[in-house]
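What follows is chain A paired twice: with chain B in the first complex and chain C in the second.
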Partner chain A sequence: MSARRVLAIAWPVLPLVILVALPFNGLNGYLLALLYYTFTYAAMSVGWNIIGGYTGYISLANLGFFGLGSYVAGLMLTHLGWPILLTSPLVGIICALVAAAIGWVALRTRGPSFVIVTLAFTFIVQFLALNLKGITGGSAGLYLPLLTMDPLLLGDLFYYYMLGVLVLAIAVAIGIRRSRFGLGLIAIREDEGKAEGSGVNTSLFKIVAFMISAWFAAVAGAIHAQYLNYVDPDLAFELIIMLYMIVMTLLGSRGTVWGPVLGAFLLFPLQESLVYWVPPAIAGEVHLALLGVVLVLVARFMPNGLLVTVQNLIGRPPPPRWEPVPVVAGEPTPARAGRDE
Partner chain B sequence: MLLLQGLVLGILVGGMYALMASGLTLIFGVMRLINIAHAAVIIFASYLSWQLVLSLGIDPLISIVILVVVFFIGGALLQKYVLSALIDKDLSLALLATLGVANVLEGMEGALWTSSFHSINTPYAENTYQFGEIFVPEIRIITFAASVILLGGLYVLLNHSNLGRAIRATTQNRGVAQLVGVNVNRITMIAFGIGIAVAAAAGPLMGMYYPFYPNSHWGWIGKLMAIVVLGGLGSFRGTLLAALVLGIAEQVAILYIPANWAAMVFFVFLFAVLIVRPQGFFGHVARESL
Partner chain C sequence: MSSNQLLEGLIPIAEGASRSLHVRDVDKSFGGVRALQSCTFDVSARKITALIGPNGSGKTTAFNCISGFYVPDRGAVMLGDRKISGWSPSRIVHQRVARTFQITRVFKRMSVLENMVVPVRRTGLKAMFWDGIQGHERARAERLLEFVGLSHFIDSEAGHLSFGQQKLLELAAALMAEPEIMLLDEPSGGLNPIMIDRLAGYIRELNQLGVTFLIVEHNMGFVMRLADDVVVLHQGSVISHGRPAEVRADPAVLEAYLGN
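Showing the complex of A and B:
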């Protein structure tokens, strides 16, 4: 293995070591929280990318899964006393099963019904959170018991927990990208009819991709509920969260492993700095409108996203989908021979 | 008797739903694009109409004329300079661009008009008529009549003009339309403009009927999508029928369950139709070449 190849595979270790080391070197307070939020959005964007980027189906349900995850985790804590930091994978699995049901309705067919159903799903979950007052507390929300811990250590705990989720998300994204499953998803994106014709079980692949995507949104929602110690229908289903996942993925490069991560690490700190130069009374609205503008501009002028665009600029060709058949020197290639006759 | 009351109110509100959803259907027909910003455009038109009443004293019904022209131009420009390039490349990009537009409108409305409730007041229409045991507010008759007139105009335009024939040809088969000499790119731009103009026409009517605030378009887009899916995506007749069916179902439901739960009627229909008959009332099963 050449040094170059080692570097190509092992480079993520360096940023990871830095991120792990930061809290030991006095990182706390605002910057720690900023990074925690960035990890959260990055993990959800990587998850969204699996259905929205690899498979090419625009899901607006991931916000619904984020909120559903918050509520399921919150209810398990308040009713059963199960700590969220331990149950979050289970919460993810519950939401992934819901995703399977939604996918069964919306992904059996091709075409536009998926986006409609996913949006409807998000509305329905939010509606139920708001109106099933006996269970969810309605608009007053759920207050969760505080974790009894030194607040400084608590910040570090959430930081590492979410970093772990992000690392897992990236590992899963890499694993999918290199598997037959991932190839199948990309085949679906490129031409679903041909993918089906060549033996890909498209319905199953799409539903599994959607479930994995939902798992990360739900886990992030669960952890975030404990982070805030509070769940309410407005916070858990804030539409800007959905917009973030999509804009970060698209800005970074959808369909790539690192695009959504890059998008999150660029966009979230950048938008946080908006606070310093927008009047606070309209900051939320300006923020929303600006994200919309970024979305339209990226879609129109840089649809490949930063990562792919930069790679193309510095002349590195995109990785081949499959290895070309090597041609043995001296022998005429079959295609050429056929044409000459 | 109570049921009859629900039926009458359902038809009246269904007429307005039909107007709100028909632009969405038209746009889906020519571009195969779900315009996520459709309800945001309606709400934006409501705000502009509200502002026109306040600043210039223009009656909301008159303001429809102004809004239709302005929004037609705006829609056509958006289609020409943003969406048309995306449609050819990747439909999902165009979809995301409309999501972006929805958020731009929502954020802008919040910054300009705050995020509190607004509604367009019409002091001349506060009566309620009584027919037998049925009570009908005057405002509902006015909005219904205006919706029917506007839908009638759209119907005549689509069915009895060369432009309409070109739009329908483009909807049915883009390639063949091009072969017989339709400038499909231009027609798509015009049809998108018309779709946005119809949304703008629905804005003042919606604002006279219901209060609105910047993010209320999310509630509306859910309802409108349920209507167009039930009708069969891209089918104009289906949209009209589905709007009436869902309008009646909602108004009847309100009689028996709390009003906020009645909104769920739309989603129940949406999921039921997708499970039982994914192509809706009048839709065709989409065929794609292998």
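Showing the complex of A and C:
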């Protein structure tokens, strides 16, 4: 294996080691929280990218799964006493099963119709959270018991947990991209009818992609509920969360493994740093405007996202100009023309 | 390497194992338009059958009913003695019935190799979620690409190929599914005469290996040169069926094409 190939495979180890080591070097609470949020958004964006990037279905249901994950985990904790840090994978599975049922209907639509159906799902779940007061606490929300451990270690705990979820998300995204399943998803994105006519079971592939995507949103929602020790319908279903997932993925490069990670690591710290640059009174509005500006700039100047644009600029040779395949006139077997024999 | 050597073992069709395709009394309507009316014909195993007819006669609708893209309103499509109408297109492909499209459709932003591997007939969780492109699949793709003269382009983006090369890629990719029956929708459309000759050569060689073909085509020279049987559709119904020479002399066919 060449050194270049080893580097291409092993380079993520270095940033991972740095991120693992950071809390041991006196990372303050604010930076710990900043990175926790960045990991959360990165993991959710990588998950969203599986349905939105690989498969080409722009889902707004991931916000619904984030909120649903928060509530399911919160209810399991308050009613059954099951700790969220242990149950979050199970919460993810429950939400993935809900995604299978929703996807079975929603994934029969495409384009704007799919977007609307998935948004409707999110609103329905939010509506239920708001109105099933006996279960969810309605607009007052659910107060979750605090974790009984040293508060100084709590930040580290959530930091490492979400870092682990992010690493898992990236590993799953890489695995999918390299698998036949991933090839099928990309074929669906390119031409769904052709993919089906090539033997790809498009209905099954899309539902599985939707479920995996939902799993990561739900796990992030569950952990976030414990992080805040509180869930309410406004926080759990805040549209800005969905907007972040999409803009981060588009900024980084949709349909690539590392694009959503790059987008999250650029955009979240950037918008957080706005509080230092602009008056606090308008920071909220400015950060919303920033998302809009980023979206417009990406659509106008980098429709393929940052990663692919940079790769095209520095890494890849221009598309080859094909020579016509040579054909020898009067050749007895036309099938042999053009072969490199 | 000769063509026969290239294709050896790639299209495993045992002698006598081929199945015929039967279209039985198929109706298909779109709103008030009856695209197919009691459409009945057979595609004999190991033969090249051409489906011809004037524009709007229902050829592509029949094709879509056979390949699962449309569900017939009435009637049935049988593969051997098995009813396949109503099945999904992907399930039909896994029965070794592959198709190409009237307007060439390749996955343009995927590499030629990836285009080739998408239709591979493999199932099972491990194969689906764990394995990438296997060595033997790449080898098979390389041989099929060499067969159609595209082996130089295996790692190139499919969208960079010329139109004719994309047609050949579509044919080669369909062969990855080890088809017993191939449905080609206007394969010569948009190709220059040299490419058409090459395509006819490929079809003939594959047919000699036992692949059954059903070809929708407007190019009469291409059809008459290749086909063993010709089915003529007019206004959704079969008006003639037979050897090319017989069909050519059929007054009903002349009337359908030229009018009274």
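Going forward, the second predicted complex is superposed on the first by the 312 of 341 C-alpha atoms of A that agree within 3 Å, B and C clash if a C-alpha of one lies under 4 Å from a C-alpha of the other, contacts with A are read in each partner's own complex, and residues count from 1 in each chain.
The working rule: a residue touches a chain if its C-beta (ideal position, glycine included) is under 8 Å from a C-beta of that chain, and two chains touch if they have at least 3 such contacts.
These numbers were taken from a predicted model, which means no experiment stands behind them.
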Which of chain B and chain C A:G197 touches, first, second, both or neither: both
Which superposed partner A:P145 touches (first chain B, second chain C, both, neither): neither
Which of chain B and chain C A:F123 touches, first, second, both or neither: first
Partner chain(s) touched by A:R180 [first = chain B, second = chain C, both, neither]: second
Partner chain(s) touched by A:G164 [first = chain B, second = chain C, both, neither]: neither
Which of chain B and chain C A:L295 touches, first, second, both or neither: first
Touching partner for A:H287 - first (chain B), second (chain C), both, neither: first
First, second, both or neither for A:P83, with chain B first and chain C second: neither
Chain C-contacting residues of chain A that also contact chain B: 193-194, 196-197
Chain C - residues contacting chain A, complex: 1, 3, 67, 69, 88-91, 93-94, 99, 101, 105-110, 114, 117-122, 127-133, 146-153, 156-157, 160-162, 165, 173-174, 177, 194, 197-202, 205
Of chain B, residues touching chain A in the complex: 28, 32, 34, 36, 82, 85-86, 89-90, 92-97, 99-111, 115, 214-215, 218-219, 221-222, 225-226, 229, 233, 260-261, 263-264, 267, 270-271, 274-275, 278, 286, 288-290
Chain A - residues contacting chain C, complex: 175-176, 178-181, 183-184, 186-187, 190-191, 193-203, 319-320, 322, 324-325, 327, 329, 333-341
Chain B partner contacts - residues on chain A that touch it in the complex: 52, 56-58, 105-106, 108-113, 115-117, 119-120, 123-124, 127, 131, 192-194, 196-197, 239, 243, 246, 250, 282, 284-296, 299-300, 303
